[in-house]
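Have a look at these structures, which come just after this line.
Below are two complexes that have chain A in common, paired first with chain B and then with chain C.
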Partner chain A sequence: MKSPVFAYAAPNTVAEACSLLADDEDAKLLAGGQSLVPLLALRLAAPTTLVDLRLVPALTGITHDQGVLRLGAMTTHRSIERSPLVQDVAPAIAEAAALIAHPQVRTRGTIGGAVAHADAAAEWPAVLLAMDGHVEVTGTGGSRSISAGDLFMGPFMTSLEPDEVITSVSLPIDGREIWVDEHQRRHGDYGLSILAMTYQLSDGLITDVRLAVAGATGSVTRAPEAEAALEGRAPADSNDAITALAAELSYTSDIHGSADYRRDITTTLFQRALRAAGERSGQA
Partner chain B sequence: MTQPAEHVSVQVEVNGRRYQRSVMARLTLSDFLRDELGLTGTKVGCEHGVCGACTILIDDEPARSCLMLTVQADGKKIRTVESLASGREMSPLQACFQKHHALQCGFCTAGFLMSATALLEEGQPTREDIVETLSGHYCRCTGYSPIIDAVEEAAAKEPS
Partner chain C sequence: MSFPHSQSPSIAARSIGARVPRGDDPRLLTGRGQYLADIVLPGELHACFVRSSAAHARITRVTTDEARALDGVVAVWTGEDAAKFCEGIVGELEVEGCFATTMPLLARDIVRYVGEPVAVVVAESRYVAEDGCDLVDVDYEPLEPVLHPRSALEGGPSANEELPDNVALRGGKVLGDVEGAFNDAARVIEATFHSGRLSAGPMETRGVIASYDWTSRRLRLWTGSQMPHYIKYCLTAYLGFPENECEVLTPDTGGGFGQKAHIFPEEMLLPLLARELDRPVKWVEDRRENLMTATHAHEQFIDIAYAFDSDARATGVRIRATGDGGAYHQPPWSMGVEPWCTAMVTPTGVYDIPAADLTYEAAATNKTPIGAYRGVGYMAGTLVRECLMDDAARAFKLSPFDIRRRSVVREFPWTNPQGIVYDEGSWLQTIDELERMVDYPAFLERQAALRAEGRFIGLGLSVFVESSGESTAMGKAHDLGGIYHDTATVKMEPNGSVTVTIGLTTQGQGHRTTMAQVVADSLGVPLEAITVRAAESTTYGWGSGTVGSRGAVIAGGAVLRASNVIRTKLVALAASMLEADPADIDLVDGAAVVLGVPGSSVSIIDLATAVYFDQSAWPADFDPTLEATLAYDPARPIFSNGGHAMIVEVAPETGFVTVEKVFSVEDCGTVINPDIVEGQIRGGVVQGIGAALLERLVYDDSGQLVTTTLLDYHMPSMDFSPPFEIHHLETPSSHTPGGIKGMGESGLIAAPAAVLNAVNDALSHTGTVLHDIPITPEQVLRALRG
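After this line comes the complex of A and B, so read on.
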């Protein structure tokens, strides 16, 4: 047994989970455990209490209602990838889920866990930012909704209060185009760069662009200058935006790749996204 | 009100047999299977979710047993590599592994077999599906092609 000793509880309700969190400031939530259990094994995390959400029935399930795709926080990546509903209303989201790690991890890992973990090289935070998604959270003091832009504060940091539990993730399905792509050194690894983009296409022009990058920079981030440079342009007329994206982000260097390499990869991912936009607008 | 505790009681069905045990909450499922139940067919390579050696089936879906606490499997049905053969007779998938020399040291094999088992149970996979599923496993010996070939032949034989 490699992980430190902790006390464990598996409440049946969100309210109970919140009060367990409030009772112990070193408590942590356990969702699918695909990030937390290795952190425990490596002793990078040492919570005194683990509050497991697996027995809270209200946290799973996928619905589509009034233009919002709502994913229960404990919904696994695998069930999102395979959901006929998601494949129907937002196939790009099902495909994004399939980019995460390996099938054997996707069967257990959850969207709520991944969002709360806020790894700088994870897919969901980028998707949420680009889609202007929200998370619904509940704490001892009540419930609220947090937009992706207000949620991610930095690598492994969110604006969640210590006693708050993410109950679901909401993604607007409003006819905007969605594109998610990434590059991994080995299939299933963390992305060296992950790019998520949403936009409107009208008369062959791109408008209302939201562009998010993860993996290539220290934390998941929007790229406002590239977005502005793309606004109102045709996909083929995007050199300014490509230059802006390369210049405005601070790309990270580590053993997996240099900053220059990550910048090049991000540029390539952006070009692919633009090529797809060109095909979608029928004037590639 | 659920009281947090360091010890937990778990009830699982493993390869068709029911077990009830009191374990430490921090005990991983891989250690539980090997050390508590003596099912040492499941191998532990990296113990943090990278290699796939510890893959088992939980309610028919492949998962890494080193990335699960035993208590997370409470009430679930688990299958390990020990469930595949009947007596001394190998399953068709195992026989294909033997035929194609899909193992050398064998350390990774239990994990590959369990992921492949789940894949074959889902239907008729293409070679691409096989590669995608097996990409979650490391093998330091075979170079993978024999493993993919073995699963492909097993898929072709599968009555579906």
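After this line comes the complex of A and C, so read on.
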């Protein structure tokens, strides 16, 4: 479990990082390393150059401005979990950060790294999809914004160009309800199923719902039929949505649980989310 | 036959029984341990193994040219290179019906499990060694893998042509009128169990450093072994290194649990490499190698049936235990010990069952060899026995406590049908005590109330008797071979301080503390004046291994015998100095005192100083040697006993099982240190919870191991460690030092059955009864959903 040989660079600017990526098509960004370093040790990844982003000051920091929570790409999970700002404007996001692995991993792992890695069993991609978040990216050709829906292309696959660096993650904070929940066998394990949901509650009815599932499926995914079935319904009136969620997704099987099992426990996560919506609706 | 080294002097317990803090803790808990990887020898090379990617295949070609040419690679050896020095290591179990295998140091011609070493690359760093491994090209011609032990025993392809019918072990016995018991039974309770494939998973993986000096022919071998003297013996027996120039050194070791109580090909290869390359060679196993190639454990398929009479008393048992043994016997414990012990020893347990039909078998399969892991042979057997007891309780509508009381042995000494004699025990009291601790009526009320709310809790019980203090007598009582003894050296220096060396290595059990407590009570010196050294080097003493719950008993006996030699001299000297009868002298609180004469005393320090520097104080014929080395091996087998009751809750949303609380009763005779005993219980029980709920080595249909990281092989973490309530019963052994018994394996032996029983109780309203471990959340959820 020792990595193969690689070159290492630690640039101070995003532009330098981009040009390093452009110069070496087998280069890989290092953004915390909590997934990449084990992959190197197992020799499942063998990049020729590691471009470490830890010395790029522009990539850290959390701001809340004009209804957008902006998280610098190198912001650690732990910083998000403990950020008074995040706890204030979107406590569900701080709680979602706390679902990730263990404190040691959260202290080094970053949101930009996790999003770019696009693990099918990771929390942030589901949160981004459900919140309709964006990533700001910069490449040698300039900067652009990619919506979560356009970013995640499959397991460990994104629409990032080889020379692009995620610089920040933007999450809209617009009064919509946020719910993130997960079934982990042991605390800190990858989720057997992860569910993120955002919605409006008005007059006891759910509207504008966005539902994302990870862990239970081959890649992070929205559940459009369940969303449609829930639209305009009261949380207690959700049997059609529950049926739709069970039917529309392609659940995965592995040694930790069959597809049937993952479907069942995803359903229970959805039921928990709906119960919570019912409670919120009662309090409103 | 009786030998002097089985006699243990009496001892008055003073420090024994106290919660003395573990002396190793400050050093180990602050990261100051020196583990194998921390040892760096000048000029050392690093070894890495090319391991088979096929479960069963003929090797048609091994190409090493590119690897040899890599900058930094010093040597590449294949099976042919290793075989010039050693054909392989031979394993078998010394029982009827066992067939030996020879495990090559590096595979030649055929590979027989995924992970089997095929070649070794030695390089200037582990990184380069791994680069070199990637450049070794092995061509395999696939052979059919043998993966299912019971079908393997019925014929078909061979996993290992040394065992053409795949039978590595087959035998058994019929004792008493089994047929009569089953014909006359009011009820027969039976089931087939699968006890899953486990890894002992020590936090420190295996590792070896070999260093050879050609000028003196001196070989030094560092290995985190539980059996360094055995390793040393093998260095001479298999490799021809001169015994007098071999030293096996054992640094701090991060857990062994039986996995490190074997001889491994890697341990035999590195000395050869170090000698041939004239450089020290180091191998530190990584986690993937550990999960893939260090011995696996415990997996068995077991058919078992109990006959019960109309009073719900067990009258007979039939068992067939089949081990899924892997490709070779791993010496010395082999793939035989699991099913042999499960069938021949455990089916009767604490119960008076007069008739037994016992069958054991082990199949060679194309998997990693099975070896010893804490509770070897006892865990699976206890699982099936205790689980069927709870099944029987439900069938007879009795409480789990009552069904056990119907059959439990009440009179001692007790001889079971297998002929094993149990001198004493608190078998009935264990059941009674657990019932009291649990407050069974209150539990039943709470269970019913929660069920009405849609919450499901269950209570599981498991009681055990455990062979402890592994000894020659224990082997004989079980018709097993094996001669055991350990030595200890006790030395007192001029200022009255004591240095003790024991023949056992220690992997975190606190031997340095418990042995100091024994010495303190023998010599009357304070604990601070005693230093205990475990078998850090085979230069000192002899040890048969830290195995079989033997540390406290065996090292304790040897330490006490050696201390007693020093004690006798101190008493003689004190008697002379105080003009008293030696029979009236006691050593206590740092002084020799004359019993019944207050104020008449001399300090141990003054006595020690006088031995070294004041001949005028000596009595006639005094021999000033204040150092003694003696051996110990108990005269009779020793058995501890106890039990666990567990309350679990199953989650209707996920099928996850949470252990709410563990109630443990342990009777290991005289308790040397309750903190250490309780630590052993907690650690073992949590391992048992892991075995019952989480841990599972999984092979796919082609014989590939799927679980090669700790992400997939789930071990219990802190949040799986429930609260405990522990109660000590003390039924001293009549013939061990101070009456102590061993207990290191008890937690893992009995915990899985308690978990399984508790889950089955939680699910009792569903009609589902589970008989396999680990219990998966999916099985539980399916049961709850009907």
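A few remarks follow.
Basically, the second predicted complex is superposed on the first by the 281 of 284 C-alpha atoms of A that agree within 3 Å, B and C clash if a C-alpha of one lies under 4 Å from a C-alpha of the other, contacts with A are read in each partner's own complex, and residues count from 1 in each chain.
The rule we apply is simple: a contact is a pair of C-beta atoms (placed from the backbone, for glycine too) under 8 Å apart; a residue touches a chain by one contact, two chains touch by 3 or more.
These figures come from a predicted structure and were not determined experimentally.
When both complexes are overlaid on chain A, the residue A:Leu20 reaches chain B alone and has no touch with chain C. Of the two partner chains placed around the shared chain by superposition, chain C is the only one that A:Ile265 touches, whereas chain B remains out of contact. Of the two partner chains, chain B and chain C are each touched by A:Gly188.
Of the two partner chains, chain C is the only one touched by A:Gly257; chain B is not. Look at A:Lys2: by the touch rule set out above, it reaches both chain B and chain C. When the two structures are aligned on the shared chain, A:Arg43 is found in touch with chain C, with no touch to chain B. Of the two partner chains, neither chain B nor chain C is touched by A:Gln87. Once the two complexes are laid over each other on the shared chain, residue contacts for A:Gln34 go to chain B alone; chain C is not touched. When chain B and chain C are set side by side, the one touching more residues of chain A is B. Once both structures are placed on chain A, chain A residues 1-5, 41-42, 187-188 are touched by chain B and, in the other complex, by chain C.
The part of chain C that touches chain A in the complex is made up of residues 126-127, 130-131, 134, 286-288, 653-656, 694, 696, 698, 706-707, 709, 711-712, 714, 716-717, 719-720, 776-778, 781, 785. Chain A contributes residues 1-5, 41-43, 183, 185-190, 192, 255-258, 260-261, 264-265, 268, 271-272 to its touches with chain C in the complex.
In the complex of the two chains, the chain B residues touching chain A come out as 1-6, 8, 24-28, 31, 47-49, 52, 55, 58, 61-64, 66-69, 71-72, 115, 132-133, 135-136. Within the complex formed with chain B, the residues of chain A that make contact are 1-12, 16, 20, 24, 27, 30, 33-34, 37-38, 40-42, 49-52, 54, 78, 101-105, 107-108, 187-188.
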